[in-house]
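Each chain gets a letter, A, B, C, D, E, F, G and H, in the order it is written, and its residues are counted from 1.
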Amino acid sequence: MKAMNPVQQKFSRRARVATGGAVLAAVALSGFGAVSANASAPATTSAAATSAAAVPDQATTASTHLTIDAATKAAQAALDAAEKENQRVTVAVVDRNGNTIVTLRGDGAGPQSYESAERKAFTAAAWNAPTSQLAERLQQTPNLKDIPGTLFLAGGVPVTAEKAPIAGIGVAGAPSGALDEKFAQTGANAVAR
Amino acid sequence: MKAMNPVQQKFSRRARVATGGAVLAAVALSGFGAVSANASAPATTSAAATSAAAVPDQATTASTHLTIDAATKAAQAALDAAEKENQRVTVAVVDRNGNTIVTLRGDGAGPQSYESAERKAFTAAAWNAPTSQLAERLQQTPNLKDIPGTLFLAGGVPVTAEKAPIAGIGVAGAPSGALDEKFAQTGANAVAR
Amino acid sequence: MKAMNPVQQKFSRRARVATGGAVLAAVALSGFGAVSANASAPATTSAAATSAAAVPDQATTASTHLTIDAATKAAQAALDAAEKENQRVTVAVVDRNGNTIVTLRGDGAGPQSYESAERKAFTAAAWNAPTSQLAERLQQTPNLKDIPGTLFLAGGVPVTAEKAPIAGIGVAGAPSGALDEKFAQTGANAVAR
Amino acid sequence: MKAMNPVQQKFSRRARVATGGAVLAAVALSGFGAVSANASAPATTSAAATSAAAVPDQATTASTHLTIDAATKAAQAALDAAEKENQRVTVAVVDRNGNTIVTLRGDGAGPQSYESAERKAFTAAAWNAPTSQLAERLQQTPNLKDIPGTLFLAGGVPVTAEKAPIAGIGVAGAPSGALDEKFAQTGANAVAR
Amino acid sequence: MKAMNPVQQKFSRRARVATGGAVLAAVALSGFGAVSANASAPATTSAAATSAAAVPDQATTASTHLTIDAATKAAQAALDAAEKENQRVTVAVVDRNGNTIVTLRGDGAGPQSYESAERKAFTAAAWNAPTSQLAERLQQTPNLKDIPGTLFLAGGVPVTAEKAPIAGIGVAGAPSGALDEKFAQTGANAVAR
Amino acid sequence: MKAMNPVQQKFSRRARVATGGAVLAAVALSGFGAVSANASAPATTSAAATSAAAVPDQATTASTHLTIDAATKAAQAALDAAEKENQRVTVAVVDRNGNTIVTLRGDGAGPQSYESAERKAFTAAAWNAPTSQLAERLQQTPNLKDIPGTLFLAGGVPVTAEKAPIAGIGVAGAPSGALDEKFAQTGANAVAR
Amino acid sequence: MKAMNPVQQKFSRRARVATGGAVLAAVALSGFGAVSANASAPATTSAAATSAAAVPDQATTASTHLTIDAATKAAQAALDAAEKENQRVTVAVVDRNGNTIVTLRGDGAGPQSYESAERKAFTAAAWNAPTSQLAERLQQTPNLKDIPGTLFLAGGVPVTAEKAPIAGIGVAGAPSGALDEKFAQTGANAVAR
Amino acid sequence: MKAMNPVQQKFSRRARVATGGAVLAAVALSGFGAVSANASAPATTSAAATSAAAVPDQATTASTHLTIDAATKAAQAALDAAEKENQRVTVAVVDRNGNTIVTLRGDGAGPQSYESAERKAFTAAAWNAPTSQLAERLQQTPNLKDIPGTLFLAGGVPVTAEKAPIAGIGVAGAPSGALDEKFAQTGANAVAR
């Protein structure tokens, strides 16, 4: 219907440029062989596969995530660090899309710690900085803290790949945010080189 | 059961294997040059970058997304199709993580259409099938429809890459779900080969 | 039952006066021919149309909205402006009733950006001023920011018709609110004369 | 930046066509004189008005609403009808955008009646039919009732202008839905010709 | 089972003492004849009435409410006052239990006004003071404003009977809280002696 | 402003008629002496009392409530009955306005029992019948159960005064709804004559 | 880092060490005889019991709770103390897991008091200190108050066993937080030695 | 104030009886030495400890929990089992209080799986049976599934100690509930004898 649609033009052009962003990369499709081999997309019937729209490479980008194994390893390391100091905390790992990947509610952690840990992780992943630093920024922009899902308390640290944030680790429940953040950093270090 | 710390072993092994799933692929890190070049991770100070944990390749996977350009193109195509038949609808595109990417509330679309479109898109992306097919599955498993965020009404179609779902397109507001789904499919086709 | 009901009296009087407000105007009913022609109110059966109460002109007012085409154009312009500066943002357009009309989650935009963009747009549409200005008003009335749905951070601008607000455009995700607001203004300008 | 942008082309073309839908009409801008005269858009400074984007006619449509006076008259008529039969009910009027315009919680109305009345009104406005009829449609499409905000119980009726829905009236609290709907219809009739 | 149960003792004693509070009074049961006469408790079958537990006078207290007629009168008076000054506002009346009794969304009132009006009314009814006064109390107790459902902005006034609060009226949408509160006070005065 | 306002006329007339409903009665104002004596409406300053609107008798009605002592007695009796049969349950008492008055989470009661008990109590208070009976009504009107806040499971019983509902008692956690309802009835009986 | 599957090692080791925390103790299993004797786990069929996984002692810890009898006693004492001073309040008891155990909405307590009481109790239980003390800590760490579920207003006190918090008691509705806290402390004292 | 208070009498009596229920046991206080030694209750000052009410043994019961180590082991085992069959799932462990203890969102698990897993675990822990069995019970009591937080889909299994439920494990994301439940059972078995 629309000849010479500039949106479509732009669309093609964009596909040839790495879109950057939160560690976005053109997906190497050759890597997908295994995916189609194990045929494990949940509940896909072949009929559905036929009717579903399959998109070409240039219409897609990829975002980088911690594997669940790496995220669990990080969370466990943070929890271990806290327990070694007899602190009772909850640990959460949130991805760059804001989804929680792992939670570990430590033995005896306070009831406020679960959602606090998730929000600290979210906040660190959103702005790619430790929440202790982010809390200081409120002096200039106090209303940042009104953004839903955030918590500007020390205890969250980002995890990065190529300097871009791919996840956040949040710890809550220790007597001070500085302690929480130390444990979170231990978790982050556990998956770093 | 697992001598020699299988978690650590598994961690390494997994990194060499495409983890499959929702179009997961090992990220080609060379593609990231542009990312670090434009340095645009929000609010990253060099100090933060230093303290942030940078993870090695084997700790990460990648998930495939429609670019915003492709998603907008799909949504616009669905809306155009509806308007050509004088139907007033809302269109939504949701990614495989369940996040809404694009919404277009058409002129005169009913108040129920916005959230309906999002939920249809979510449902199609979750099970990789048109919602008209999924509604039929309720005969066997009626409680599927109690899962939060879902809506088992015709009008949602998945978008796939290599047979795995990467997004869903949902349309709501036309007099029948069949019409809604026709428009959604038009949207999906617009980004397919 | 109630002879000489002053409410009814008032009712008639009001109908002859333009009610002003959010660009309210007496509807030119001649414009509705096309509407009834395409008969596309969803799911209306003729029986339903018969039983439904049809109101006379003087009982109605009209509120002005951006068309979905204009709203999409504005959102796309804001996103393009951000991408040209390598910023990853989400853009939202909200109408004067507080309903979201368009959202575009840009590639790589942070997880906090989606709801932030909607709230900035809502805030600008509610008070008919850029959110950077509104944030300054908090010095006098700090509790304004406790109103549900608002966010007093730069990045939202109103769209007006005849000096009254008809929509708001919100952008979130750039390193500063000033940048966000520049992109939002670019979007607003795209639909202005 | 984009010469020959088809979106812009379409944009202009659309402006000349009545967009139909929920009683959408091209706004007769001459009606706005009074609006700018009373200058009462909340909190607009002239500076803000300057920076705000003012859109041309072709970028806007108008949606029809009951005036608050008409909506109150309808709600009061429904409540009076219920009280005349010694029924204790809540009445709600919802506009076509899904926003509640008027609520009247009658003396002694049950605690379930308030939200029920709003949802019945919403449902009637969404599908332009009495909720008693809509409840019957569930036999064919049972999952319609999973759409958020709806309630498929008798007691809601639409209000229309030129056969398109512009509002819904919902009543809840009487011993039967049939009674509720009779009162709602009385309310709707009160604003009809 | 429990002879000499002090709770039961206390129970009887308390019944002879007016419990005070939010205009609590021993109910004059003779006033109930009309109630049982019209037999209109929704959906009560005689079987149900038999099995239901009927409590003696001393187990009950009564709380005072505005009639819906009085509440509507107050809300309408507030809205009229605003319209006379060309202000577009929403008015809400909330009872002492925190339930909304009446809402009137004025023509052209901003999207933030609806929930603001309800919260101002709630706040005034909770502390029995105008919200303009209550906002000043935050200097001493700033965290009062974190109580769910409250809004400490001018525009809410209490309605009292015998000096105890029985309702609150909230107005929102005018350019200043002082204006909002003037209209709310007009509404409150309309039902006062 | 409005001479001969029929609303005001109606207003006066209504005040002389018992408004019936959920045990509404004209308040015997003489009972309020104690109230004004203890002057304990929270945070009332004399200035506030002066500015607050005080309404005349004819503008008010009264609703009947269980005293907290009676409600606690009922809840305790229900819990005792359950414990005597070694059942672990939660008990809730909800007033006719839908507000929870008392909750007692029994030792070892399951996590689903708390909100279940509240909803059963709400449902019984709303329709003035045991929830076991109400569940049967769903055969005719299945969508009743979609009303927010309700739960159509045996275990809730109404408490009445003069045949009108003034509260509901809900019990949840026993192996069967019949058991739950037996305990709830024991609670209701404890405050009945 | 951890040769020889430290997770499994740790698992065993931990079981022999009291895990500390919120009054965690190795459970004396001999105490369970009565439990299995009365066989009252809700809805357990023997088949289910067979398939259910039964864990060994070393995989479990125990957390300490107030009995419902003790919690009710505390709440009643707090309410009695308030009533003796003619104050109308709501009382809540929350356990260390954040779950509400008891609520008593006093006669005439304001609508804001219910959720306030719960949040004060939650806050005291979370940080094991009276909320009056905790409110002072906000001077150093103001964003603590953004943690969901908390309220930093005087009126909450912790209940401890062996110096660890096991519950919180919250009171709200009196004219000052100091009064609320006095009543809460009376409640806490009622269950202390 | 109250001599011979039966509540207090009952209180003492109860303390000598194991309260049964969800694995409730009298706490062996000698196990607490370590707790007070490490003094790690968050943010407890000695002043606070002094003012806090310390309760005697007879006022407390204990509930049994999986240690975080055991819960993590179970969740990991369930995830491993799923990955071995190339299924992408989320695993959740919920305690008997309904709190989530561990979540592991597997690589590529669908967006619906996270909350589904939590709800399946909640449901299994609440009724102490596999959710596949519980789904069958809906034939008799269909409205059980309306209880908030539940999901009656196969994939949840209880974890018990002495035949009473102490946790639930939920798995979601595989093509069938039967598969989900197999993986969940593997997780439960991993912590059983």
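Keep this in mind: a residue touches a chain if its C-beta (ideal position, glycine included) is under 8 Å from a C-beta of that chain, and two chains touch if they have at least 3 such contacts.
Please read all numbers here as calculations on a predicted model, not as lab measurements.
Colleague: Suppose you hop from subunit D to any chain it touches, then on again the same way; how many hops at least until you reach subunit G?
Modeller: The fewest touching-chain steps linking subunit D to subunit G number 2.
Colleague: Going by residue numbers, if over half of the contact pairs line up, that's a repeat, so tell me which of A-H, E-F or A-G repeats B-C.
Modeller: Equivalent contacts to B-C are found in A-H.
Colleague: CA centre of subunit C versus CA centre of subunit G: separation in Å?
Modeller: Result: the chain centres lie 46 Å from each other.
Colleague: Measuring from the mean C-alpha position of subunit D to the mean C-alpha position of subunit F, what distance in angstrom results?
Modeller: Their C-alpha centroids are separated by 32 Å.
Colleague: How big is the gap, in whole Å, between where the Cα atoms of subunit E centre and where those of subunit H centre?
Modeller: 41
Colleague: By residue number and range, which residues of subunit B touch two or more other chains?
Modeller: Residues 7-8, 19-24, 38, 40, 42-43, 61, 63, 65, 67, 72, 76, 86, 88, 97-99, 106-107, 110, 126-127, 165 of subunit B each touch two or more of the other chains.
Colleague: In their complex, what parts of subunit F are in touch with subunit E?
Modeller: Checking each residue of subunit F against subunit E gives 1, 7-8, 10-11, 14-15, 17-29, 31-36, 38-45, 47-49, 51-56, 59-67, 69-70, 72-73, 76, 80, 95, 97-99, 126-130, 133-134, 137, 157-166, 185, 188-189, 191-193.
Colleague: Touching subunit B in the complex: which residues of subunit H?
Modeller: Those in contact with subunit B are residues 76, 86, 88, 106-112, 115-116, 119, 135, 138, 145, 151-153, 177.
Colleague: Residue numbers of subunit A touching subunit H in their complex, please.
Modeller: 38, 40, 42-43, 65, 67-68, 72, 76, 79, 86-88, 99-107, 110, 114, 173-175
Colleague: Give every residue of subunit F touching subunit D within the complex, in rising order.
Modeller: That would be residues 19-24, 61, 63, 94, 96-98, 122-123, 125-127, 141, 143-144, 146-150, 165 of subunit F.
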